[in-house]
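Same chain, two partners: subunit A is paired with subunit B first, then with subunit C.
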Partner chain A sequence: MNLDRILNHTAPALPQEEKDQLLFDGLKQLTEYHKSKCPGYRNILHAIKYAPEKCRSLEDIPFIPVNLFKRLELHSIQESGNIVNILASSSTTGQKPSQIFLDKETSKRQSLGLTRSLKFVIGDKRLPMLIIDAPSSIRTKPLTARGAGILGLMRFGHSHCFALDNDLNLDQEQLTRFLSEHSGQPFLIFGFTFMVWMYFLQKCPPEINLENGILIHSGGWKKMQEQAVSPSAFKKAFLNNTKLSKCFNFYGLVEQIGSIYLEGLDGFLYPPAFSDVIIRDPFTLEPLPYGQEGLVQLLSLLPLSYPGHSILTSDMGILHQGTHNKNTHGLEITRRAPKAEVRGCSDTHASKVG
Partner chain B sequence: MHTLKRLMNVFSTVLEIDDETTIKNLEYNTIPKWDSVGHMQLIAAIETEFDILMETEQIIDMNCFDMACSILGDHGIDNITRK
Partner chain C sequence: MELEQIVPTKQKLTLADLDSAPLFRECNLPPYCDTVVDFLNNISKQIFSSSVHSQDPELSALAFWLRRGNIIPLIRTRISHNEAGNVIKRSRGVVFLTPPTNVGSLFCYQLALALLTGNKTIIRLSPNAPEISYLLCDLIKNLLNDQINKKISENLRIFSYDHQREITEYFSRECDLRVIWGGDQTIRQIRQVPLAPKAMDISFADRFSWSLINAKYFLGTTKDQQKKIAQQLYNDITLFDQKACTSPKILCWIGDDNHLVPAKKKLHVLLDTVNQNHHYSQEIGNSVEKQDSLYSLMALLDKSSLHYGSSNISILDMVTFNKENLQSIHEHHHGNGLLVETSLSKISDIQPLLTAKEQTLAYFGYSEADIITLINNSTELFFDNITPIGQSHAFSHIWDGYDLFDIYQRDIRLNKL
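Presenting the complex of A and B:
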């Protein structure tokens, strides 16, 4: 497996052609690996008549719709004792959550993948960390996508402080204490986009100063669109109200935790070295060129314990050539595919939907 | 107090286990107390006890008591005798 080699690359530095080759080799191996370990996945490959000898480029790697993880228990773990965690995508009533089975090895790959990606914005040292969520968010069993996301990010911080109470009200006392101790030096802020906007920025006292903060946020873009808050308006509001200028969005799904697409200066979301995106026509499923909107397919070398290395999401997006580095491409998520269920990190607070 | 003993106390307090042999043979994610939440509590407690700041990779690597000893060694706290 080429993972070590790829992980050791600094993400945007790998030329696309070389990256395509590394990903193709790795993903083809992963397809065979899961075919041999996961009977459900083997049946799917059989049904779509997958033939390895006809798989010649990245676009030929077979993909499965993310919704399958809701209907089937798809995993490649031989002994159930080796399952260390089961992640659930959504706890909304009436919907069946995705179930993602993790073993030690995959958990570690996810953590290392995330570390490599986030070092670009955080740096090498862990920072004091303000979490825009409730302490109860990480206590649910099984862990929700929201809780898993927070716990994953907590490794990049220390002196963690939850800014909201369990009823999602701003915890003024905690916030004041944290800022008086840490705001004189760089500190990390993490939360889901909608919650950061609704429960934090809208409720922050006017004199608050987050000048030294590095905000990393994710998910919830659909609800932000409903509120008519664009990514640039989001950034501007933070700058004007709190002096915070370092603000990074990222895109990622619970089905591929560890593979995150970090927002570049041009606002597009850039894949790490071990992941990539293909945009497909929603009707023919044929790959589409830059600039055309279609269904987002995500590729990642991280998943070993479940066959999630190539998944077709329910998100629509457009791929753009990199603004600063023509060798790369960045993703723009445009909307949820019509008729797709509400799901994923964006429904961190699903009762607000509709 | 001896470093090993101090580390043992931290594990014992956070994971609520008294038996030293049990602690020495434990691995991350094998008991409910040492899940990913417990792990962050353990890291915070070790950092406070020894006044160090681990790297993110060390947090990911620290999957057993022995590994915690070796990480302390990396931070120059190495007067630990292991059997």
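Presenting the complex of A and C:
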């Protein structure tokens, strides 16, 4: 199947055109697949009058809003016994969390996708791994997005060490032990951006040396904006304080685990070969050209157990043409779409209403 | 614990400040006194005299309602009733009003009724209240500076504060009537705060509204009339971002297929034209929330189909109108310009579907007699407000099953010799 073909190639080896075709065909197949397995999704396709013969480009692949997974139980698993896991998004705003139903096959695809995406950052070998979080983060039930993210990444490491205790204080003893054993060779560091900044870098002893570390971090950019820490300031602080130079931010949603958008040298987030991004006008939902801000739509070949292969997120972003490869494009996340106003702004339209 | 008083004077206060002096002086406002009628009329005048405000449909509706010409007939019957027999109407004392944030002018209607009935009035505004609420407060504050309005100014206090339990507790202890006008969540929260033993609570919960059109009548009427209905329906939907209780979210046609198909088609074309001629400005968040509602409903309502007029109002055609589907719409529809269109063959088919949540029915193509028959055949689960299309949001002192004048007053029994 298309996913396998993409996964088995390394991105540069697969010509862009062929990749695009594989992605488009694969997403179209997934649309049909979920249509046949998920009644709610089938109803949506019926309501929007989706016709496969009229679906001619990535932009024609139907999407569903990400919040649908918070409101409804949407999945394409027909035997409930085949559900191996239900992921819940962290719900900070008091909203209901997303519920993502996973079966064996989709879990496998997520792992494969993640491996494929991280390969060129980490290499082929597993590395000793320092996790900037509390040991309790992976033990909650149901698993939070944070916990699922950590568990997903843990497969790329060995000799795992949690750098924080359950009260999120730096566990000096564990940290010292880990570094004395592993810091002489490449090792992996993973955590959520804000936690890495607040609970790790700000609390680290001054003599710490992370020269051989590869830091992969994700999320929490809103809190970082509140702290007025830019991505470049983040990197600089790590380099200056800890000698760490390999620092990779990524973007991804719990609704599309495994499809991660790694930060390139230009600071933009690049989709893996089996994913793509479209930016849409927040009102007309029409696709927007490079350089214009709109709602971020994420496409991915991974989701099989739930209709999440084409999701309209609540994040706002801009798509930029690739700096090095004009055939690619990088995503800039600008902000979260604001919450609905209780009431629209001043009634400027009202004067025209007769 | 801080709160801001915004009427009659602007000042920051603490709970201790409030506690240190009585909330109101012993200065009573007689029921239905001319001072209040004049004061309300002056608010109305001020709105009409501003070229900006008089163009705003929400403000102009308020100004229209506050006019002396509207108020006098409303209270005339009340006054004579008082003198008639062995029941004498008096104010309740102190009323504590918590208006909703989705309709920024609503507190003014409540304020008018509370003052007309001679109550000492406390109003809590949310710091998130729409601009229009604060604009009205400024206007009121300026009017209260006038010596003529001294008595009113001593009987009215408007505060702005977040949901801080201690402050709500304080006002709840001091009041004789608490009026909670807000979402179900707010009502539950505030109800947990005890009242004085003799005081009472009235709450106005989340409600749901429909519009109703007789397909045959619609087809038979003039082009101009059809156009007018499309425009009025558009206004009813878009005002308050379709988030008011009174905002129609369902359009239910009555008729058989012969009439339904062409009638719907005609209305769609007309609505598309209205859509194109009006810029209904929305926030990004509202647009996102609209997609959430729309896709949830498309997933839940079997065989529904989307008619996309434009980005302004979307129409979702619902094939089967049953209780379960209505429940889904109640749960997932959050306004923002989405009309669920459906049909029934006879007007009497409505009754079995209704729940306690249904509030306003805005109709077209029925006579008064038809509507009265409908009401006479209804059970306790029936709309509280029935009005022609285009009048969905018109305020009335009869609301959600209550006569607000009665609520704001108590009856003194005079057992004559």
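Definition applied: the second predicted complex is superposed on the first by the 331 of 354 C-alpha atoms of A that agree within 3 Å, B and C clash if a C-alpha of one lies under 4 Å from a C-alpha of the other, contacts with A are read in each partner's own complex, and residues count from 1 in each chain.
Rule of thumb we're sticking to: a residue touches a chain if its C-beta (ideal position, glycine included) is under 8 Å from a C-beta of that chain, and two chains touch if they have at least 3 such contacts.
Everything numeric here is computed off the predicted structure, so don't read it as measured data.
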Subunit B versus subunit C as contact partner of A:Ile48, first or second or both or neither: second
Which superposed partner A:Leu22 touches (first subunit B, second subunit C, both, neither): neither
Partner contacting more residues of subunit A (subunit B vs subunit C): C
Which superposed partner A:Leu175 touches (first subunit B, second subunit C, both, neither): neither
Contacts of A:Leu87 with subunit B and subunit C, given as first, second, both or neither: neither
Touched partner set for A:Leu188, first subunit B, second subunit C, both or neither: neither
Touched partner set for A:Phe283, first subunit B, second subunit C, both or neither: second
Partner chain(s) touched by A:Met198 [first = subunit B, second = subunit C, both, neither]: neither
Sites on subunit A touched by subunit B in the complex: 84-85, 104, 107-108, 111-112, 115, 124-126, 138-139, 143, 148, 151, 154-156, 158, 160
Interfacial residue positions of subunit A with respect to subunit C in the complex: 40-41, 43-44, 46-49, 64-65, 67-68, 71-72, 74, 282-285, 295, 312, 314, 316, 337-354
Contact footprint of subunit A on subunit C as seen in their complex: 55-58, 101-104, 128, 130-131, 231, 234-235, 238-241, 243, 277-289, 291-292, 295-296, 298-306, 311, 316, 332, 334, 336
Footprint of subunit A on subunit B - complex, ascending: 29, 35-37, 40, 44, 47, 53-57, 59-60, 63
